[in-house]
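Every chain is named by a letter (A, B, C and D) in the order it is written, and numbering of its residues begins at 1.
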């Protein structure tokens, strides 16, 4: 059978993408396995050997840590954005970074296809594929979990195990944990199994990257973080998030910050829904970066039981004017001005009151 | 000397407003002392006696806890808004509640004037006075800290002490702590002294309402909070904030939530800058309340070392569809649809890529 | 052949939907033809006869003018929204109104299917189908122009003509105009043919609902429009839009209006992209309607050469205070207050200047 | 009497600022008259002579047309912003441009003071003074119409006339028109007199820059406007506004445009309220300018009876893809994808319907 051409597969070393690797070969593709290192715990050399053994024509293991931090995590930290006011955008941020390199490899290697093991539900597939189409419109994406010939054949884990046995794919010796993890140097998240029922509490023993707060050390760690338009070594996302928020409020004009806040909401939405590589997200990132030009300084934080406490901060560009806020120093400030300020602002409110009475007494 | 008329003074029982009470009398006003109970620790009966002793014509001590929770804290919790992404709006929320009752008393008692002890700097005076003007446009506000005849006379704490001695105002026996506190049933905040320098860490021993996390008990407290359009007993703001955020994300359509989020930003800004009683804040509150109509359910939280952890949640109106998110169940969902969704969304991105190349290669 | 069941077809009486009617029958469906009257010029009785002649089991001609005006046009006018700052949402508004009734008929008649003649490109199909799925999740939509068995068979107008001849479908005697029109009581729009090239000017003779301005009468028409939460007889959308904008600015608090403006942008986007019947659009409509509670009064407009000029307005709830704006009357207003207002606002700007110099001189 | 120092007065040549010039001298200031040319109809040399005759120490007449167009009008046109959805920002734009030069002159001439003739009501004084304080925090502004010693002395026009007679200030021979005008090369506006009553129609004969539409020529003017990041000769604001809107929609990604629209609303608000020279307005202008990088091309417009009609447009960077929108060409587009797109979007709507029924049937 002549080859249908080359496909670059985002390979994790796990059961699913190992099966996909073999299945793609079966379908007549030359498979190039690609594994991105974005800080997850992984035996990369082991994975390389495994991929080659399963028939990968080539294997690329790419260390993306630096670009992940500089080009993806850092803009996200600057945006101060949480999805739904709570979640750092860990998984969402990694996808466009990983897929961008995958497209590069495909172009370099002359591969017309890329493939991934994301399920046919949810945003992960969208993040992956929009990146591909945006950066290389001619590319074809093979998404096995959306192809009937694949998902009808592999209806459960036992089908995958069976297939693995038949094709010499090493089977994990430990039973699979009931959740699937997504890990990178910024965060770790869990999915599936009992976590699908919102009534259930997370089981003890879930923590790998951090510690269960009830078991964490009883004395805090103190860190000092310096902000200066670039960060190479990054502590966990949550610490950065809080420290940046603090130095930003300390150095950014409050009205600029309000506008930037609205842009941050948009940024989070775009990243979450897979539009990192889009004109609007590029535009928003540019605007947010512009807002950061004067955000610099040092923040001292204490990390205790998994929580971040800001201790103090310092900046040559602080907007904080001690004289102005002090309750003791009068300075240039005239209290009578506050009266004028209040009176002018109350004009509109008084008018409104006048009208409301009118409406009420009608 | 004939009276200039009655003034309702927001009285705290402390040195400042005690001096103001006597000073207003000196200026020829009949003083009605008013003390709002919004959950702060205070010996209210002691304060009543003190005010009468200093010459107050009448004293009103009003328990506003219920209306503070129901009409002010609750809308703020619903808004999920933090000022500058960090601060619950504790102080800002209390002002319009306290001032509203003060205006009511003034109208009932036929007083043309109201007075307060807020400094001539910052937002507190604004919050106070805009409430007054908005609810009673004809009222006159006496703000001693903005009147030269007052602030020139009382240039420091020692001037107040001196005046107190001369006029039989009881002087606090303990030396004043270096910070001033603002407390209510939702929060406590500190100002001034060494806290004015952002380089300084907060001193140990500052915690009164909560505990220093390093000294808090080593086992978590578990709470269950039920949301149902009304709350009478309120735990601390932070717990409510997180629990509400959780049940909201669980029961509110995500697109409604995004719009509501923008309104929440506006709400926080308005409350912080003193515009609670304004047509725009009324409008925003109405819209946010509308968004909450289906937000109900129970949230189980764990409070440990001053932090809030969500354990589980349950709601008859959950938008969470286990079948839809499950990685095992196919349900009504067709994977091929995701392909179409991605393709349609990528059309625009491909076009953009085409154009960008054009620009670049020019 | 036994019937596959009933389908309610949105029927226009034209060549396309006539062919679809016959084709659906061919596929084994019982066809119920449905024609909505939303103010377009049409011989409805002629269309009924035609549908019956072509084999429709039933024909429903529904006059939706009143609900189109009250429930769709009116909220759009209140939103003051233009798509892309220019277009009234004529076509986008009609779709959810028409499709809602179609779903009602399907439910009443026990039909499992609905069908329409919208092309497989663009937003019209989306507006149509999201309405159906939102109001009746179990319904099945048959969109022939997205079905290969249909669009491969009918690749051009000549294929439709050929099919029409074979099946006794009356063929229009006049050659088709080079554009397709979408008309309702609010607007008319044109598509296709030479209009697809943006370099081309619109051909003379395009105007049917209005007149070419260069040929319009040389004297203006004067109208008086009264706003009072409801309108039964509606003049063209553009006139309403401008008149409403005027009375709104005259009676709505300017800060409320700014918030409402943001909601209006969202509304336009949602309507344009087909999400009229969605929780977020419902929410936005509710909020906008709330903002209109005090918007009432009379506006006098002049319509001349296709343009709308506001002449004067009057309202019992005007926020316009002649005394306050007058350059001659002093009133309650103290000029010194403006000084305070300006000074307080300049504090932040002065600080910013101080910092900027710091940055520049570094 | 020794001089109090120099003051740079924004001088118009009219009665008011002529009186202010003389009055400032009376108060002991050396007056430097400054007259900005931003395209208004004015005999500048006549004004120069008059100022010198009235005792101005120096007179500066500055042609700001180029910078007004390039730095102020052009960003406003790019923002597509209308204040309250209707007004181009003519007057608001001119103020920061005029005041900026005034501050420059003051700094160059070593003057500590600047002065203007704006009334003590409204936004004009704010726009003027915030510019001064923002660019030169140490400067002192003399605003006679807010100084009791001035406004108590000049309570009406007759007081000014009287003062003029006494001090040899030439008195206008024609009776003053009942409105005051503000004119620049972008627009003209009218204030006061009978226009203060919103019930009154504007009197015939008000048009000076344009023509009463009923009297305008009966044939349209056709213009072609080319956009390319800079414009030196500017037609009226309205034409530019519409032409730019058209080319923007033609070349800017629609999602970028939505974000930019929100920024445009903010821009209009900031400019209207006097915050052109503020960190937030600088930030917004930067972001809007960024959005314009690919906005270029030619627009052909017809101007007829005071209205602007877009005829056609052309751009090398058009996002308009004829193939994609064409009803006849299939191209790369797969109709089945639209089905997937609609299905995925309807998932959420169906869920919502399910829940709503639950709520309703409870």
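As a convention for this text, a contact is a pair of C-beta atoms (placed from the backbone, for glycine too) under 8 Å apart; a residue touches a chain by one contact, two chains touch by 3 or more.
Worth saying up front: this structure is predicted, and the values here are computed from it rather than measured.
K.L.:
Note the rotational component of the Cα superposition from subunit C to subunit D, reported as an angle of 0 to 180 degrees in steps of 5.
P.N.:
The superposition gives an angle of 180 degrees.
K.L.:
I want to compare two interfaces, A-D and B-D. Which one has more contacting C-beta pairs?
P.N.:
Answer to which pair has more contacts is B-D.
K.L.:
Using each chain's Cα centroid, which is most distant from the centroid of subunit A?
P.N.:
That would be chain D.
K.L.:
Validating interface symmetry: for the copies subunit B and subunit C, is the fraction of residue numbers used by both over half? Same or different.
P.N.:
same
K.L.:
Could you state the distance in Å from the CA-based centre of subunit C to that of subunit D?
P.N.:
32
K.L.:
Any idea how many Å lie between the Cα centroids of subunit A and subunit D?
P.N.:
42
K.L.:
What is the distance in Å between the mean C-alpha positions of subunit B and subunit D?
P.N.:
39
K.L.:
Touching at least two other chains at once: which residues of subunit B meet that condition?
P.N.:
253-255, 258, 262, 278-279, 324, 333, 336, 338-339, 341-342, 345, 348, 352
K.L.:
Quick one: label the inter-chain contact graph as line, ring, star, complete or other.
P.N.:
complete
K.L.:
In the complex formed with subunit C, which residues of subunit D make contact?
P.N.:
80, 84-86, 119-122, 125-126, 129-130, 133-137, 143, 145-148, 151, 156, 180, 191-192, 196-202, 213-214, 218-220, 245, 249-250, 254, 257-258, 261-262, 265, 269, 274, 277-279, 300, 304-307, 309, 311-314, 318, 320, 322, 324-328, 333, 335-336, 338-339, 341-342, 345-346, 348-350, 352-354
K.L.:
For subunit B, which residues count as touching subunit C in their complex?
P.N.:
253, 255-256, 258-260, 262-263, 266, 278-280, 283-284, 286-287, 290-291
K.L.:
What residues of subunit B sit close enough to touch subunit D in their complex?
P.N.:
Residues 253-255, 294, 316-317, 319, 321, 324, 333-334, 336-345, 347-348, 351-352, 355, 358-359.
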